[in-house]
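Note that subunit A is present in both complexes that follow, paired respectively with subunit B and with subunit C.
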Partner chain A sequence: MAGERVMELVRELHRAADGHLPPFRTEGLRQALEEMRALYERNQADVSEAKAGRTDLIFLIRFRHCCLLRNQRCVLAYLYDRLLRIRALRWEYGSVLPNAIQFHMSAEEVEWFNRYKKSLATYMRSVGGEEGLDLTQDIKPPKSLYIEVRCLRDHGEFEIDDGTTILLKKNSQSTYFGNSSTHHECVKATKESNRTQFTYCVSWSPLRCSVE
Partner chain B sequence: MSEAYFPVGPGLGLEENFLSLDDILMSQEKLPGRAESALPRLALALGTGSAESVPEGSKLEIPLWLAKGLHDSKRRIISVELPKIYKEAWRTVFSADANVVDLHKMGPYYYGFGSQLLNFDNPENPEIAQTAQQSSEKMSWCNPNGPLDYCWTLQTFINRFRRIMDSSQNAYNEDTSALVARLDELERALFQVGQKGLNDFQCWEKGQASQITASSLVQNYGKRKFTEMDV
Partner chain C sequence: MAAQGGQDRAGEEDSDGGSSTEELLLTPAQLIRSLEQAWLNEKFAPELLESRPEIVECVVEQLDHMEANLKQAKGGDLKVSVHRMEMERIRFVLSSYLRCRLGKIEKFFPHILEKEKSRAEGEPSILSPEEFAFAKEYMANTETYLKNVALKHMPPNLQKVSLLKSVPKPNLDSFVFLRVLERQENILVEPEKDEQREYTIDLEEGSQHLIRYRTVAPLVASGAVQLI
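Here is the complex of A and B:
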């Protein structure tokens, strides 16, 4: 049946839940494009015949045209949805993607990602005064002024933007002024290690947070 | 759920969203139809047989996208009919109790597909056509029994909605597979939205709303990396 190969691509992408990016199916895409090319050529041949008088071919031309449109739609949706997922990766992961993910992207997608990164960085630099504003760090607005950090495991020294070094030792607990730089470092550490939890502390009742 | 990933959602009403994966999967569902003229080499193309040409009047099962493409108001090539789950026989089942019907089995895109069927004009029983014509002059350009069918699917949805809303708001930290098994895709999306709202509220109640955590996307990638290393 026409359009089956490209439907497999769409189904696989749809099954990948929560924005996860499956590997790029170059082979599947190539087969879909090959099928489109074959349909198109057969249609070209039939159109000239139909013009010469064989009207019974018109339905077949129309049928092939429907298949071509269907393939086109599926291929476009496949590529577009993957780009949406890659864009989400920039906002959730950061500007450097781990190799495992990069492996799943095609060369064009990697280039798109780099260009998107650049556009985003240009925009962020233009916003918020001289140094620019990193929009990807705080997607949700912070709830309070202070951050309370409690270590669950030894992490060693940890340096914040303004030069202060914090010593993260197991079971130590300290309060830091949650200015933007401290907070940004905390969030960055959270994203990178993905086993770190920081919490905001409400000024009258500090909440726990843990660093592993 | 990944917070930065916004897929193209399914279209509302008669139009599909071109880039929506949901709509593509929905329009792959099959529709019963009838060939209005002899169709050369269609059997081969459809993969239904090796006959040279499909004779006039034979029954076909074609996907929705093909039906929409080949259909025209003069019905020279193909005419389509409503699938049986949208017909009179099933209407009595729905009117008895809409909640027990397994809509996932009836095609996982029951509502979406039903909305798309309004695109075709296929006059059914004269009685239904009359009732529909009496009820709305404005919709005369579309399916004569369209308004009735649409009211019908709408009614089914209304009957089932209360239970979906109720179960999604009260099933916290449980295995919900039994609850969603009989829902079609639209209802499942609604259910998930309800669950998310419930989880967010519970999170806020426990005071976890102001905790900074790694996003679920990042956590999932971390877990996968470990399994890859193990292998």
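Here is the complex of A and C:
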């Protein structure tokens, strides 16, 4: 049945919830494009016959043309939706994507991603004075000024963005001037190094203290 | 409120308060209020609104001033913390505002670029120059990708696709909540269905309404209403 293979691609993407990126189906795409080529060739042949007098072929030609349009639409929808998911990954994971996700991307998608992140970086640098404004930080409204970090396992030295280095030893607990980027760094360190885990409890903000 | 007072004091310490780039002299408090208004409008409007480069520049300058002041301040921890919290909040609002705009640019890029192309000479732009560059790059990037991966392998009569027709347009008929800032008279409300007829309403200052965005779009642009 025409359009089945391309529908499989679309269905798989539709089923993948929460912006998850399934592997790129090169074979599926190739088959869909192949089907389009075959339909087109048959149409070419039939068009010349129809011109020669076989007007009963016109409906078949039209039907094949509809299949071609549907294939085109589905292929583009599949590719475009994947691009949107990849774009969301830049905002979630930062400039460097985890390997597991990169395996699911085609070479061209990786190229698109690289160009997107470069374009985004240029824009962010142009806003906000000298260093630019990193828009991928501060995703949530700031709730508290300090974060309290309890280190479960030895991590050694850790530098936060205002330059101070913290020494993290097992079972030490301290309070740091935490803005959202420090929070972000801590979470990133947790994700990256499997050896270390942070639990952090967000402590009271001095602001609440002053209002009372 | 402690934070608001602290904000004003920080503004008075530096003389110009970031007003050098425009004719209107805004106190820092007024500047932040304009930022918040622009932010809320942008969040709730279905389409990309006019760019406000003067607000963005002034807020960035203001943040830099506050940072510089805080570095010098030797005061008690509390004052520094309060100001720092305020800075974090302002930075969040600014980032959220710019992120919202970028999101809409990416979502509606063919329509936005088309609108920019057909803009008349004196009309204000909805895109800042940097946003315009970003939008063009995004469009070129996506078009090249789709062409190379799919379109050029398709039959000759299907190799072109109009992004303008394929990418959905912003829905200007979506409903928005608003508060009226300046009294408006005789606003024409278009009928939704054929059976209804158009009618006019007056918008009283301070009143709140739920209305189709299309009806009030020019009022949002002029600042007569605030989306909430």
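We take it that the second predicted complex is superposed on the first by the 152 of 212 C-alpha atoms of A that agree within 3 Å, B and C clash if a C-alpha of one lies under 4 Å from a C-alpha of the other, contacts with A are read in each partner's own complex, and residues count from 1 in each chain.
The rule we apply is simple: a contact is a pair of C-beta atoms (placed from the backbone, for glycine too) under 8 Å apart; a residue touches a chain by one contact, two chains touch by 3 or more.
Bear in mind the structure is a predicted one, so any value in this text is a computation, not a measurement.
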Quiz item: Counting only touches as set out at the top, which of subunit B and subunit C does A:R37 meet: first, second, both, neither?
Solution: second
Quiz item: Looking at the overlay, what does A:R115 touch: subunit B (first), subunit C (second), both, or neither?
Solution: second
Quiz item: Now for A:L29: first (subunit B), second (subunit C), both, or neither, which partner does it touch?
Solution: second
Quiz item: Touching A:A16 in the superposition: subunit B (first), subunit C (second), both, neither?
Solution: neither
Practice problem: Scan A:Y80 for contacts with subunit B and subunit C and give back first, second, both or neither. | Solution: both
Quiz item: Now for A:Y123: first (subunit B), second (subunit C), both, or neither, which partner does it touch?
Solution: second
Quiz prompt | Partner chain in contact with A:L89 - subunit B first, subunit C second, else both or neither | solution = first
Exercise. Please identify the positions on subunit A that touch both subunit B and subunit C, taking each partner from its own complex.
Key: 69, 76, 80, 87, 207, 209
Self-check item: Interfacial residue positions of subunit B with respect to subunit A in the complex
Solution: 1-8, 18-22, 24-25, 28, 37, 39-42, 45-47, 65-66, 69-70, 77, 207, 209-222, 224-225, 228
Quiz item: Tell me, which parts of subunit A touch subunit C in their complex?
Solution: 29, 33, 36-37, 39-40, 68-69, 72, 75-76, 79-80, 83, 87, 106, 108-109, 111-112, 115-116, 119-120, 122-123, 126-129, 133, 135, 137-138, 140-142, 145, 177, 179-180, 205-207, 209-211
Self-check item: subunit B-facing residues of subunit A, complex
Solution: 1-2, 7, 10-11, 13-14, 18-20, 56-57, 59-60, 62-63, 65-67, 69-70, 73-74, 76-77, 80-81, 84-85, 87-89, 91-93, 98, 100-101, 139, 143-144, 186-187, 190-191, 193-200, 202, 207, 209
Quiz item: Which of the residues in subunit C come into contact with subunit A in the complex?
Solution: 1-3, 56, 60-61, 63-64, 77-78, 81-82, 84-85, 88-89, 91-92, 94-96, 98-99, 102, 106, 130-131, 133-134, 137-138, 141-142, 145-146, 148-151, 153-155, 157-158, 161, 166
